[in-house]
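There are two complexes below, and they share chain A, which is joined by chain B in the first and by chain C in the second.
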Partner chain A sequence: MSILSIILIIVAAVFFPGIIGMMKSLVVGRKMPSIFQPLFDVIRLFKKGSIYSTTTSFVFRLAPLVYFATVFASMLFLPIAGERGLLTFDNDLVFFAYMLALGKFFMIIAAMDTGSGFEGMGANREALYSMLVEPAFFITMGSLALFTGYTSFYDLFTSVQINTDFSYIIGISGVYVLIFIAMVENSRLPVDDPRTHLELTMVHEVMVLDYSGFDLGLIHITSWIKFSIYTTLISNFLLPVDWPLGFQIACFFLIQAVVAGVMGLLESFRARNKLDKNPQWILMLSAIAIVTFLATLIIAEKIVLN
Partner chain B sequence: MDYILIILYAVSLVYFAVAERMSKFVVILSMQGFILFGVVFFSLNEIEIFDFVFILTETILVKAMLIPWFMNRVRKHNQLKRVHEPYIPVFYSIIIVILSLGASFLLSNNLQNAQLHTKFFTVALASVMFGIYFIVVHRNIFSHVVGYLIIENGIFLFSLAVGSQMPLMVNLAVLLDVVMGVLVLGIFINRIGDTFHSVEIKNLSELKD
Partner chain C sequence: MDVLIFKIAVLLSFTLFFVPQKARHLVTLLLVGTLAVVTSYWAVQSFMSVEVWEKNLMYLVDHPVNIIIDKLSAFFILVINLTVITGTLYSKGYLKPYTTLKTSQEMAWHYFNLLWLHSSMLMVVMFRDALAFLIIWELMSLASFFLVIFESEKKETIRIGIQYLIQMHIGLLFILIAFVVAAVQSGAPFSFDGLEVYFSTHSPFGLFLLFFMGFGIKAGFVPLHTWLPHAHPAAPSHVSGIMSGVMIKLGIYGILRVLTYIHTDLMMIGIFILLVSLVTGVLGVTIAIVQRDVKKLLAYSSIENIGIIGIGIGLGVVGMAADIHVLAALGFAGGLLHILNHSLFKSLLFYTSGNVYQQTHTRNIDYLGGLHGKMPRTTVLFLVGSLAICGLPPFNGFVSEFLIYSGLFKSLQGAELFPVIFILLGIVGLAVIGGLAVFCFTKVFSTIFLGTSRSDHTVHSAEVSKSMLFPLWLIGLLILFIGCAPFLLMRPLADIVYVFTGHTQLITSMGHSMTNMCIASGVLVAVVGLLWLLRSRVQKNKVIQHNVTWGCAYTGANAAVHQYSSASYADNIRQLAPGVVGVKKEYKHFEETEIFPSPRSFDTLSSDIFEDHLITKPANKLLKGMARIAVFQTGKTQHYLLYALVFLIVILLLTLVNWI
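== the complex of A and B ==
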């Protein structure tokens, strides 16, 4: 049954960008595209050949594959609906985070590899934002580990019980921090705008400017899966494991759809941050995670107050 | 429940560090007033009913409504919108507020005293430290008043920390100070704003009689 989580995440990943696109056109008042439109786009890209600049080396060709492979591998660790992920061991959440980081590292050096000034700038920003968002993820997961006493995703999410006053704090701020980590990691608003077409202000989009055809399609698919991975973390946070399996799976898809819808809504209504405001905005996530961590210390009675 | 409110208070301090609009300062101040109301409501139950009702009304009326309303009027009168570059970038402010929170949590962990409710002590100390820092890094008088009110909220929490008798005494004294202080400073800001068309503190160094 451990294959279940992979299937669910991939199915959710296919619909995710479609729902965002539909929501955006609904808000603007355009005719809605098909929910499969992003999928058609990727299929079209897959049919095309790739063109490589003569200044690039093998790193540039390798990067999309590594990116896809690492994201796919980190997907294997996630439990869904109380079902074990395909792989699980103690401290796998650290492995998970650095697996994603490895993929990102390859995308960054591939962007540097092209020798384009714009891509180097984008890579620079991407590295900075990933560096700043990392403590937020680890502190949130660390507080959860301290709260439950386990360090693997499966044990962590099966034993977290959000039912007392205190655990509401962890639940609410954990979900809040995770949603915005997902936004930062997937280069959505307010840190990065996927619609922007000015190289000077792009972050993630500028890094993949030189990719075409198959490689670009692979990068698109990878970012969908990545989004779905983060939403799965959120749904694991929210869904109690003692509900019936079918009901949990329905709720899983509902949460994915709601997150995608909310994301489409947010992106239609808000503007992106000014670039120099981004670091402090991301650092704020870590600050909130630290406050949660302090709360967890009180619950775990590492800090004794009267 | 009081723990949740204390954590919320800590989060509100973080938002103070991040916020860059004057209107947001006022909103967070009002939020802190409501949080303090909740803290009093859930934790101060061994005192006399008159004192209890007095402190409750004081927190909700003065801290959560009257002062923010007055501050908002001052803000609108002087057309204050954004904080123009504080002395220290917001990035470092966030780090400092987190350090002060962490330090005061650790300190309260080491203070074991039967007379001291250390759960209030944590955010109280952080609030006073952050309030002073807030005054130091901002350049205009309006933000200084906000910093003064953050310190005052911290002192209120201190008075909760030291026992059930203190709040009324401390509050009566502090209430008068704060209301008078904010009123006088508000009028002061308005006059400065009318005369100089800005509330930057550098204007004050050029005053002559």
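== the complex of A and C ==
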């Protein structure tokens, strides 16, 4: 038990968007912004006043807080570097997924609360995409549970490391699915383009159009932490728990930086999917997850090939 | 003594016709309360002891009818009592506007049936003798039929009521046949306990299928569900709440009761229940999404939840068959707990939508919107119900789904390949249902309560009376209580599951997870609270403005028209699953030559493909066939004499050639 994971995730979260921004500037040949630029932006938002729509209700005020709190609470289950999360229990991965869903539920109804057609559109898409991505996460975690026989994040990640060489097969496909789940959940390319300027094609950005000041700042911070959480899941896949602690922590930050860098690189070169192709694309993740599951069945010798 | 009180309370129901209008609700409440106290006392006693609680109630043609309460019955008794009490409390305010429209005797008849629905439901779970069970099952259907057709001045309501009555009798027929087959083939007594003898010597699947058809119609498994989406909207809201909250669960009770006697061939039965439930769950919620009538939507969502309960039970049976203890115990535990949970949040949702209906006189959510300012308490309560039904923590729906998920994930490694396939199906099914439920309830909540009003239906709405809100707060508190302190329920739940599996330690071992979940929920609430305080501090000296919603620089739009409606919100799902949801769009295309377009209207209609193909189309064909036969009915005596003559001649000819 330690609060190490929380501290590490938050520290990583602060740098994450900065690295993406730097990478994007580098690719297009602009002068790189400071790595703290996103942080400065949020601090500026906190200093500002707010404007609330007269259409909105308590839901609109409550949603960003719940969004942050759910992401914060789901941090409690994550192990880092072989250290248990603060609250580790059997099947905490189910709680994790449903906790994040609670935050999304509130963001969706908050967007609907403004009574704006644009925000309704974003809310509607968000609801659809998060519904479609859910099975992929559960099947991936199911493969791990099948492979290791454990059901909490801590036990899963520690035993998937020390199990056998076959771990790598599951590790690679698991990481692949998780990276793209992270893309969908955090509204990045290729599902959603955070740079787009047309409200009609936005998903996450358009949902928060009416937020300002403190609330908007909080929403930004929450998205960073959420991204960092998914990257932590990925790094847990990759880092062996028997490495020395300091080295693992260094590697953890390295992985966070690499993922952020790759993301910036990808977003510089790739275009967003056509919106009506998104459901197919997201369902593909479930398909890959099922392939992972089948591979696990073979490794666990439930399917005997000869 | 206690049996006597029970009998007297049932008999006193007839006094409802003689008490004055004003005291009638109070008398009903007292009688419901008496029944509830007595039966709950029995149920608690049954929970406390290892023995099955048994007493004689009466004699039916020299044949003793006993009240037998084991832990399964006790659980159902408590669930029934809870929901009927809240429903009766709620009915006072809800029926108030009707007292001027209905005669005193009509109101008495309604309360009489409410009371009889309560007592018959109680007796359904207490009787083991088949004859008594069937009689009381029929009484339950009749009582609920009269409750459904409360607004009998509407022709549509009567039609729906008759449809309901017919379907219930088809169900009754299946159960009757099943009992008769069991009794005749095994020679055992005509009762549930007689099934034990039958199942020990015969292959159980055929008879189980008969029972499943009979009880499944009541429960609303797809494709036997077609009465639900009609009967629930037609009934008054407190009745919908009770029917959806507990009455349909008695179908589940019947299936569970039959399952306790089956010890062989469980794999096939388990897989059958699981597959039917998966289809029920996914289709139920998908069809719910495209509904515009709020109560119809809730009815389809009940079908979905029956699916979740069935998934739990099906996995439990698969676990028993494959000897996976953890799957058996947690599957049953999750399914059973979801019965209680669904009875809470579904009745809450029906009652709150009743509040909305009473104030706005419409159930079409596309006419509503922006009710949060006018009905703040109803808004909060509906939100609590929505969060709970989506299975989100820290509300009660999550706990039961969590139990099922736990069983699934924990049993993955130990299971053989064949069960693993179904375990994976269970995981995917639950995840998909969960996601769709979020889609469905974000839609219905935000369309009714958030945004701006879409029509003048909402103009005269105001918060409902305190007497209507009181039972709703009660349910809301219970939802939160179960969600936040689920470890308290594990022990009684384990006792019920013991009836099926014979081992329970796995459920009580969930205590650790439950405690940690509780802490995490606490952290969640604390963080929200702290942030709220922080925000008020930060914003103290800042300029806080209030203005219209930002329209993306487009100011010409009418906000009410511009915002998302229920149909537009559901359009995504309609595109993904066009075959299932069966939405038709009605509109006229613009002509090429139409330079100055005339005013247009656009409408979407949703239909249930199962109803279309299983009920409406065959029924229409039958009617057409009947219409053809009707040419013989000319009304002329000469023709009828001719038929008689033809008949005699045919008989004569047949006798001549020695056919008969």
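Basically, the second predicted complex is superposed on the first by the 300 of 306 C-alpha atoms of A that agree within 3 Å, B and C clash if a C-alpha of one lies under 4 Å from a C-alpha of the other, contacts with A are read in each partner's own complex, and residues count from 1 in each chain.
In this text, a residue touches a chain if its C-beta (ideal position, glycine included) is under 8 Å from a C-beta of that chain, and two chains touch if they have at least 3 such contacts.
Everything quoted here is computed from the prediction, not taken from an experiment.
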item: First, second, both or neither for A:279, with chain B first and chain C second; value: both
item: Which of chain B and chain C A:123 touches, first, second, both or neither; value: second
item: When both partners are placed on the shared chain, which of chain B and chain C touches more of chain A; value: C
item: Chain B versus chain C as contact partner of A:51, first or second or both or neither; value: second
item: First (chain B), second (chain C), both or neither touched by A:288; value: first
item: Chain B versus chain C as contact partner of A:297, first or second or both or neither; value: both
item: Partner chain in contact with A:305 - chain B first, chain C second, else both or neither; value: first
item: Which superposed partner A:138 touches (first chain B, second chain C, both, neither); value: second
item: Touched partner set for A:236, first chain B, second chain C, both or neither; value: neither
item: Touched partner set for A:94, first chain B, second chain C, both or neither; value: second
item: Overlap of chain C and chain B interfaces on chain A (superposed complexes); value: 279, 286, 297, 303
item: Chain C residues touching chain A - in the complex, by the definition given at the top; value: 369-370, 372-373, 379, 383, 387, 390-393, 398, 401-402, 405-406, 408-410, 412-414, 416-417, 420, 424, 427-428, 430-432, 434-436, 438-439, 442-443, 445-447, 449-452, 510, 512-513, 516-517, 519-521, 523-525, 527-528, 531-532, 535, 538-539, 542-552, 557, 559, 562-564, 568-569, 572-573, 575-576
item: Chain A - residues contacting chain C, complex; value: 46, 48-59, 62, 65-66, 68-70, 72-73, 76-77, 87-95, 98-99, 101-102, 104-105, 108-109, 112-121, 123-125, 127-128, 130-132, 134-135, 137-139, 141-142, 145-149, 151, 199, 209-210, 213-215, 218, 276, 279, 286, 293, 297, 300, 302-303
item: Parts of chain A lying in touch with chain B, wherever the complex brings them together; value: 165-166, 168-169, 173, 279-281, 283-284, 286-288, 290-292, 294-295, 297-298, 303-306
item: Residue ranges of chain B in contact with chain A within the complex; value: 1, 3-4, 7, 10-11, 14, 17-18, 89-91, 94-95, 97-98, 101-102, 105-106, 108-109, 112, 114, 116-119, 122
